[in-house]
Amino acid sequence: MIKVAINGYGTIGKRVADAVAAQPDMEIIGVSKTSPSAEAFVAQSRGYPLYIADIGRKPDFEKAGIRVAGSVEEMLTRADVVVDATPGGVGAKNKPLYEKLGVRVIYQGGEKHLLAGFSFNSSCNYAKAIGRQFVRVVSCNTTGLCRIIHLVDTAYGVKKVRATMIRRASDPGEIKRGPVDAIVLDPVTVPSHHGPDVQSVLPTIPITTAALIVPTTFMHMHVVMIETEKEADREEIIQLIESHPRLGLVRPATGITSTAQLKEYMQDLGRSRADLWENGIFQDSVSVVDGHEVCLYQAIHQEADVVVENVDAIRAMIGEVTDAETSIAITNKALGFTAI
Amino acid sequence: MIKVAINGYGTIGKRVADAVAAQPDMEIIGVSKTSPSAEAFVAQSRGYPLYIADIGRKPDFEKAGIRVAGSVEEMLTRADVVVDATPGGVGAKNKPLYEKLGVRVIYQGGEKHLLAGFSFNSSCNYAKAIGRQFVRVVSCNTTGLCRIIHLVDTAYGVKKVRATMIRRASDPGEIKRGPVDAIVLDPVTVPSHHGPDVQSVLPTIPITTAALIVPTTFMHMHVVMIETEKEADREEIIQLIESHPRLGLVRPATGITSTAQLKEYMQDLGRSRADLWENGIFQDSVSVVDGHEVCLYQAIHQEADVVVENVDAIRAMIGEVTDAETSIAITNKALGFTAI
Amino acid sequence: MIKVAINGYGTIGKRVADAVAAQPDMEIIGVSKTSPSAEAFVAQSRGYPLYIADIGRKPDFEKAGIRVAGSVEEMLTRADVVVDATPGGVGAKNKPLYEKLGVRVIYQGGEKHLLAGFSFNSSCNYAKAIGRQFVRVVSCNTTGLCRIIHLVDTAYGVKKVRATMIRRASDPGEIKRGPVDAIVLDPVTVPSHHGPDVQSVLPTIPITTAALIVPTTFMHMHVVMIETEKEADREEIIQLIESHPRLGLVRPATGITSTAQLKEYMQDLGRSRADLWENGIFQDSVSVVDGHEVCLYQAIHQEADVVVENVDAIRAMIGEVTDAETSIAITNKALGFTAI
Amino acid sequence: MIKVAINGYGTIGKRVADAVAAQPDMEIIGVSKTSPSAEAFVAQSRGYPLYIADIGRKPDFEKAGIRVAGSVEEMLTRADVVVDATPGGVGAKNKPLYEKLGVRVIYQGGEKHLLAGFSFNSSCNYAKAIGRQFVRVVSCNTTGLCRIIHLVDTAYGVKKVRATMIRRASDPGEIKRGPVDAIVLDPVTVPSHHGPDVQSVLPTIPITTAALIVPTTFMHMHVVMIETEKEADREEIIQLIESHPRLGLVRPATGITSTAQLKEYMQDLGRSRADLWENGIFQDSVSVVDGHEVCLYQAIHQEADVVVENVDAIRAMIGEVTDAETSIAITNKALGFTAI
């Protein structure tokens, strides 16, 4: 059993914890919080040992009825792999400690590529993560882009990618971030930085991206246009998507045309936290313009799609499973992936 | 086993179906839809036989890969109790058919009191539903008000209730209803009709209500001020809430001060569809002004709080369980109620 | 003085009325409403004679304190040009009456191209509207696209346009339309119909468009990527935009990166109804990728950009001013255009 | 002419500046900003001399094309009255400088009562501000409450006030503050601090308030319930509201039932920045329960209602106009108040 610690039990961390706990070859040996909160109660109800950054705050937790297992440093020494799911930028500050302890660490996309020196997507470069001490799982948006671009590249060769990402303003449980009634250019420059981030995984893909923020809480929406080298065929693309373990087709018969309906559907299907781990590609949107440009919409669940990538990354770093297909199949089966 | 049919497998119907299926003394014999949709796929994945209103549309369903068990009328004839969860006003149109078939029917709060002749809340008037053919489960807002008012009335006597309901604009899965950026007076007159609706369950309570709509999707929020006959005590009220099976306390240590955080917490606790079946009473808000006025905020999950009431109403109409406490305990246990 | 009637005094109609009234060569001879409302009071406060569709409802208006000048048909007979600003689809129903009366009519973009047989944009095809009885001013989105595409085409030649339109869900004063918290694909197919609509004005432009709806109320945002025949230069494009009478540059020193801030700025500058009649092109977003692809963001105020087009269309149809530049200059000066 | 300086040219400051500039007995001698921005361009377009806090940043402004008149301290020395419209809490830090210069200062409601020692509302206590060096204009919510409570108290005597304030989450031009989809209890305790703030103006009024935040940008909505000593009459109350210079009636014939429609109406009426300086009391909501409780809804425009109070406060402090009625009449006339 691979011993996994979650440093930062928040939006991503709590999901990775549950996904890890569901795997046949992994176990959670601890999760961390900085202060008492609803999530600390959740960790306790799940039975995850809770470690805290500042052990001096232990009485605050105990007063609230939350048991503390020890300090974060203690947790790290007991782990085979640490998933650093702290807020963006904090991971960089943690690195000296990780290096001192010599522990394997997975960073999230909020940290820079150079911090880990390797950016990961299980469908694109699983094998290259084997044996590494530091791996960065790219952001939710980059993960979603890499999956579909790699698929089209493998099938037809990619000449040029253009993608616009309409991003949710805040996660569902946040109450301070806005905007309330605005479309915000973030960044105001075109192209955005997301293109280079895709290239940290797929270095040879020519890509131009734009990114905006809108007042919603659940799932980004991507408008993807991919010019191909070879002539592309719509029905073939749909079949390729259907058979890909991390791409899902939103079927026309569901009547779903929005992020809200797709979330409702995931919730109705009984998925943990209504999570959509796959790209949600709208079947009706898939089209080929002039024979050489694939166009489609895909919903990317910002809280979920990287969760399965973290699980695969853990397995790759340990190195007992050496191919992506096997790891992805184990991960998906443990989570109970069903066709959407 | 009580055979239950759900006429109208939508926001409320799909939840009641799952809650009924979880009970030890009930089973779902069918659910109905009018056209193929995501929810029809959900019914199928749950194994509920699907009946359709217009049997002539059977090919549309089959083409989409959805099996049809028969017509709605066939479903109704096989049921001991029908839960009518059709959109507001449709239930009235269905009544002649129900009368013809002589089947027991539960209406929702979107229908008028007079249609059923009896308005139900399990904490207030369970026993009066025994043996009835028609019962109306009052709306989510009225349900939430009745629970807390009845509690305070029993403890201290109610002199006067004033309540303001800040209502969500649309359910999470809807995409057509707004507003986007407005506070809407609905109705523009004060007091609103909610007061009389509370009196359909608790006839002697003097109550003035106001109701507004705001652009959110999850949970109404009530500002409740109850003048009492006897002097009230804050700690005692908190204890009464804690020991009530359909009232939940949102504890200060969770840090939760909003509907969004409360939903996230329900989701993290693994509740089906993140449902809050209880009133979510914020412990820090409970106060007693001048010794004789109880003030508090309560979150009312519009999709969920009536679900458990429907289950109790089924049991009451059949009449084998003759007291509210027993039914409520069975219902809660089957759903895995946990302290929030 | 050109006598102008506004049939449909709503979001667009009330703005066109004020813009027409400000012109030195035009006057408003009447506006129409179907029922008493805030806008009827506004028409009265502006001194516009109010005509009503159903003269039998005259007492309803008078009871509310609103004077009625007569029936819509009376209004139409007194006009040189009618601006039909009724809701989409109603204009088609009005056509037989317009033909009977032989009056010149301007339709809005909610009507189909074939209804008028000619689609208008003053920067692209002013002269072709001279002497026509029916002219259609294209929609706000198509107007915004035509302006910038025509500019780039004139300067460098257009090889291919790709545009994504992130559309506001409802106008600021609407309270029924949503969504509240969703990104809606409208349509779910890619490409959307907006491309062909651009071609109703600019027939030879190859264009692929995508369109989504987000929960905001003010201004659409366009992500525009235009491949050019000749090599393009960023500084030159910015200068071309600056000197175009219907394109505005949002300067970096303002700190504006969103629709909300841009609206606030228009309001602070004292513009009528905070209207942005120009394309609001974000200067920092203007870029040239690989020398041959112009990329930029532009905000399109859905309530305003077609207003000035309607004014120019009136002038073109009457035919005394035969060139676009002169008409645009008169229109802009009368409205007090200032650099944004 | 009273020389007025605006320290903090933001949401409130820019409105007070325009309102002051419109008065026959006042002039703006300067406004201040800390960094170049859209609002700095607006000040320049209005012709207001711009002063800056850190004179070392002058080159930043000049590079952006904005002229700088001098430092904030220079501005303060030239003013008879300074309106401190800096962000909440900054005013307190400015006090030592104001005391050193001996200048009269008006603080906003974001500062504490004790900072000024006197809290102002022109309809309630104008005369008590005469000759003071420091005056605090209470917040938008408190201003709106004081106006209506004082009216009812004068007419019938107030026994008890209960008010719930549904507050907008952010101003229209903000893009960082949320929430996006939540009702937030702020504070989570009931009653809120707004009651005591009303008592800073009306010390003897018994009042309980509750306050929530919802995701809208324009206008708070108050649910006001006032128990009266004497029997109250609905028609009389409506007449009293109509004849009050700072209360406006939203008439049923307008069809307005929301903040969004009310804003649209203000904008259509040509009011500067669509400002509603009065309480917007919905006529249909005004009711009397059991003869002794006045109930109503009122919209409070958070950006606007205190603007006219600041103007009156300036006049009161200087002391040449000694009664509220005269000052209010001058202020209203200069702004072109019209019946709404």
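When the chains are written out, they are named A, B, C and D in that same order, and each has its own residue count from 1.
Simple rule for what comes next: a contact is a pair of C-beta atoms (placed from the backbone, for glycine too) under 8 Å apart; a residue touches a chain by one contact, two chains touch by 3 or more.
Nothing here was measured: the structure is a model prediction, and the numbers come from that model.
When each chain is reduced to the average of its Cα atoms, D sits farthest from subunit A.
Between the chain pairs B-D and C-D, more C-beta pairs are in contact across B-D. Averaged C-alpha coordinates give centres for subunit C and subunit D that are 36 Å from one another. Computed centre separation for the pair subunit A/subunit D is 46 angstrom, with centres defined by C-alpha atoms.
The centroid of the Cα atoms in subunit B and the matching centroid in subunit D are 42 Å apart.
The set of subunit C residues that touch two or more partner chains comprises 172, 174-175, 179-182, 184, 215-217, 257-258, 260-261.
Touching subunit D in their complex are the following residues of subunit A: 168-170, 172, 174-182, 184, 215-217. Residues 14, 36-39, 41-42, 45, 64-66, 172-175, 180-181, 217, 253-258, 260-261, 263-265, 267-270, 272-274, 338 of subunit A touch subunit B in their complex. Here subunit A touches subunit C in the complex through residues 162, 164, 166, 168, 179, 181-186, 188-191, 208, 210, 212, 214-219, 221, 223, 225, 257-261, 282, 284-287, 289, 293, 295-297, 299, going by the rule given at the top.
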